[in-house]
């Protein structure tokens, strides 16, 4: 499934025949980087606040509370009211929100309504599983995606190019669970090469860990490979038609150097920003693979807790994934800044 | 039909072997013989072109856009865009036929033997890598130099092309350089490999007049100093005449005339060449009969309350002052020329009048009423009454590409509303007629019109509500010779017949000199000189005006290729 | 626009598939040979036969009838989400360019926030916490694809907002509403058509995933995603079971994406070649 | 090696790693390890465990006072022996010597007393109903404990073989919340790792009284994989034993070389009906539902022919099963429709919402829905979300649904089971607290009859007959234990009441 944004915000063309840029004294390099990072960090704070507000309101709107579960068979209205008061659910929404946010900052995500375990502990138990699968999927996705993308751009119009484009559009059409199950049939049932369920922590048995996350990582990476290949191909094709490529050819630079030093860096821009959009889907998509492979991941816990109406756990997992997504997009923006310093300076 | 030639031309098919070496090297460094270039459908874009370039010589290729002059150069460099290929003919360079070379054949030629600089220089530098690094990269690609030596060589080259502060420029990115500076960097890169042949394809077209002169001087000097053979391509005869001994005139893919520049200018054989020379001469300075007597007694008209008066206008862009105290006036039926280089602030004056820029101090009065203070509703009402209208420089970008021109022209009427569709169409037809456009063009899309027609449509849009003042921003600089004259005559008739005052800004003194009544010369936000056009051109008082006049190139038929003034460092 | 689409050679396969799907959506339930809900304990998990072209499921129900009956719900559910995304995304996207800076800043940050949410997890959370029905699932997916519509309409509006013909209109005293109506809408529609096509495909795939996880499922209502999910659990008995629903989903999503690509190419063509 | 080759190299390295890892031999053989896919208990504290199925997981960490054998008779466990007083109102247990809990504290008579007292008094205890008959418990000597009963109750030795007798360390019980997350018992295994709703790992407990018969070093309990990948998980070694696999998977499992054990269980599936909610407050509707459901269809569709119809909460192979009840109601849709019309519902007028449990439902709800449609009753299915305690709080505690498809996994004592399904505080009695007086008397009469008394079985059958008649719920079919395991797991120990691990070997 691809929700890649079709068009990024192209910086608006400069206003009516404004005075062209007169030569400005050169600012020290580090100052620009810091200013750029500062502005990025500044933006992610309100984004974090909005995202967590949405998460909180979702929990609040559900109107669920732990009373039924805890009250047991003595579930009389008074008992339920007392339990709601214990959890502070009778306070006005604003105070509940502030209290919840204060908790977030302190790392206290509240307690699961079903088994009383602190939410943060539950999440930390399962975070390594989700991160290892998502991480492996990202690595496989990036490596295979760029290989296919570059190949398709270099041999544009060839059979390889057509094959890559066909694969990309087909992969985008496959729901993730179909991909996962097909991979299981191939690698687990037919070839009997890799296990089809469960999880072995890296610390316990690295080889076993790699074998067990192999299929889920492949299943999750299919979307990334498809999108990255397509994005990189279009980026490279348009970059190859730029004037500075002609300039480089005229200077006698070798084609390989032109491609990897000059063109790839500019073509990688849209591909990288697409990757940033992929991260939330990677963590979200993990729900499917985690439930198919019965891996104790964060995604599956969030989904099951949501179904059980265990609001604090759901909110906790959403907040943690929001933090991960923001960290990733910050990282990718920094990488973009390094690859294309010009964009920073121009803004 | 072979696969589209990919610029990088990665070897995935058997490479074409270079043919056995041609007959012994002839005296000419480059010999193009019966060269034809065809597109996929076989249409000949360049047909049977042949010319020779003697070692150390300079040859200019002149022609309109679409004459095939750039394609010929691209063929010489082996850079034909995908879809075009050399149908027949040979390009011999020191015994090697460049037309048949494969990728491996080109190794050791580009950057070392042949090199080139192009129009729009900044786009030929990688936007994400500092320009200095790209110069070092070019140096190390063509010669065995370690990093340190290459850096020193790079600084030397940058200084040699006139970039005094080489250390600063080294670390800058392409978009941070002005056009002139970027071209100098490209020239430094081009000569870094010590090439024998340098091709300049419209290298100075996008530059300001003064910067253009400096770059031409630089090229000429480097040519003599490094024993370079130069091919200079341009649509501007004056520029070519300035720097090239020989000239070749191309039209519709063929050479219609060739020879020594001086002779061709004196006795053009082909009628097309003759019209080229004629058009160029007509509206440069020579076009105005210099009769001192007549200027002296031009009586100053009596000054009633001026239609529009600007007093002590100051504006800044961030921390940089753009306008530093402007005082101007304009009366009914008068055309005021505003001339100055890019960055001199002339556009900011127009934008202040239109309320698009809020100046720091100063007053702008229209018929005595201060329009600077207008805001929100009042500003919108003033604009709806369309006393002052604006004709944009680039008609293609200022007309909605998806709307027929009738809709754009009638837009002001639709905004004000209150009239029937029939009345609206009449007013649009009348406006079209006023600018000399056939009413049948009304439902055409902008892209289906010629440059001149589009420019007239923009002016028609401004006229539809009978403005008092028309502001024109570089209305003719993008037009070819023929249309340029028509538009200038139209402007003159609007002033004389309908009394529409016009402020006409341009960086091209030629077109201003032709039709304006008074002219003001702007330099770095200050009016250095103003007055009746003829008088000012006849004897400019301010040194900057004098330098501006001098830099307008004359079609000089006397001396051959001598640079008019010594090369001035930036 | 439409004429160009039909004549365009590349769009033909996509349009053919979409025509078939539209036919199924309209007449699917009527065409079903048998009652999709009728169970027959004596014909469990049968392979394709004369009577049951696509065989029977674990309850002995005719799979072909369930597939046809499920067409309407499956596609309309995705269209509902796209509609929600369209309404919530396009208008704010446009306004973010023309309204004062504060609206732009807030709407951008809100959209960024929506984009940081882990996709499926949030859809599940929203569906489950607000009453685990198909409508809730559609609403959740709709909200999650709003950013895609917002970014596209904002990008289209931005590319127009700074042009000279907009400034010319302003100089003639045009109001923002006039400018949007006359110049912006015509430019934004093609871009939105592209996003609508690809988003419908994406929603169909997401709904299938949600149904697989048992979310937003209202048994025994057959949907393509639901059929695919249950067929996958009886893969051994009916190895070709998931082929039919899987093929339908993949073909529809592929066709929609291909349509989106063609629409995008038509848009991106330089003006001259657009005829 | 120039830079551009980097992505190529990275790709190759990754695939090489995968292949290398692929053929790494798993170290199962070295340690006798078994991975068991089942469900997580609602609580690791026997006192707060809320569902019958928990006995299977609770008895990993805890040992009970007594134990049932394959025939369902009581055997000694923690208690070496036990005896009733003459009037049957005192039951004395003789414990084995120096038994220890996993947290080191001794398991002696005082510990047993503390556990049973806690079961009677703790606020959220679920053992109150079973322990109500015991007035007080006395720890006479370190190894002898006596239960003083209000009236004679010969069912107790059976009851104390289940969760009621799974003694938990009083020392650990000081913090019940922590105990609910980390067991402290004297069972065959000790827990070493637990992630809620995911997995629990155990190591063999050397101090278990029957440790000699435990041949498994490490037991890893996980939630069961998605049905679509269950067999694949078994074949690929991710799990060794899968309990309650879907019936229609048996053919596939056998053909793929897995051992499939089909053993008698105490399981019986039913349609629980709530007479406190319309339309079931009308007896005519209740009676109509007696004839509305064709049990044969359930056997073929849901249990793929492995199960057998039953009208009572016991499977046919169990001694408490009374054949007379089967003859009372036969499938008669016309009569059902007539009764409905008498109750005032013309066809299509009555609509219901069926609560279905995704984990154990196996599609039963959809069969009920289809069959009700045949008699003009429109039914929608609401799937209650999965998870170990959402079904309990909504159906067992809140008793919210009108009608629910459920099933009892059985109890150690038939009376305990009857009370669980028909008793006033029975968790599966959707019409709770309703229970007819006649039924309660019959139950007490059985309780007071020694199990070896010839009249015991007749009185038991009579109690079952009354129970079935007075409850609106209808029992439909009994499914045996269906367990799939990898061939290397030998001698699976599957009792009707629960799964145990004594005697199980790994090759």
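In order of appearance the chains are A, B, C and D, and numbering begins at 1 in each one.
We take it that a contact is a pair of C-beta atoms (placed from the backbone, for glycine too) under 8 Å apart; a residue touches a chain by one contact, two chains touch by 3 or more.
Owing to the predicted nature of the structure, the values given are computational and were not obtained by experimental measurement.
If you tally contacts for every chain pair, which pair is highest?
Counting C-beta pairs in contact per chain pair, the top pair is A-C.
Starting from the mean Cα coordinates of subunit B and subunit C, work out the distance between those two points in Å.
So the centroids are 49 Å from each other.
How many angstrom lie between the CA centroids of subunit A and subunit C, rounded to a whole number?
Once rounded, the distance between the two centres reads 22 Å.
Could you please state the distance in Å, as a whole number, between where the Cα atoms of subunit B are centred and where those of subunit D are centred?
Whole-Å distance between the two chain centres: 88.
Just give me the whole-number Å value for how far the CA centre of subunit A lies from that of subunit D.
About 41 Å, centre to centre.
Can you list every residue of subunit C that touches 2 or more other chains, as numbers and ranges?
128, 132, 163-164, 167, 229, 232, 235
Pull out every residue in subunit B that's touching 2 or more other chains.
356, 392, 394
Of all the residues in subunit A, which ones touch at least 2 other chains?
Each of 16, 181, 185, 259, 291, 307, 309 in subunit A touches at least two other chains.
Mind listing each pair of touching chains for me?
A-B, A-C, A-D, B-C, C-D
What residues of subunit A sit close enough to touch subunit C in their complex?
Residue list for subunit A touching subunit C: 1-3, 5-10, 12-16, 43, 46-51, 53-55, 58-59, 61-62, 64, 169-170, 172-178, 181, 185, 277, 280-281, 283-285, 287-288, 291, 299, 302-303, 306-307, 309, 311, 314, 317-318, 321-322, 325-326, 329.
So in the complex, the part of subunit A that touches subunit B is made up of which residues?
Going by the criterion above, the answer is residues 16-26, 29, 154-158, 240-255, 257-259, 261-262, 265-266, 339-342, 345-346.
Quick one: in the complex, what on subunit A touches subunit D?
Touching subunit D from subunit A are residues 68-75, 112, 114-117, 122, 125-126, 139-140, 143-144, 146-147, 150, 181, 184-185, 188-189, 192-198, 205, 207-208, 210-212, 214, 256, 259-260, 291-294, 296, 301, 304, 307-309.
Enumerate the contact residues on subunit B facing subunit A in the complex.
Those residues of subunit B that touch subunit A are 3-4, 6-10, 12, 77, 79, 103, 107-112, 114-116, 118, 120, 123-129, 137-138, 141-142, 168, 171-179, 181, 186, 189-190, 193, 317, 320, 322, 342-343, 345, 347-348, 351, 356, 392-394, 473-474.
Hey, which residues of subunit C end up touching subunit B in the complex?
Per the stated touch rule, the residues are 163-165, 167-175, 178, 182-183, 186-187, 271-272.
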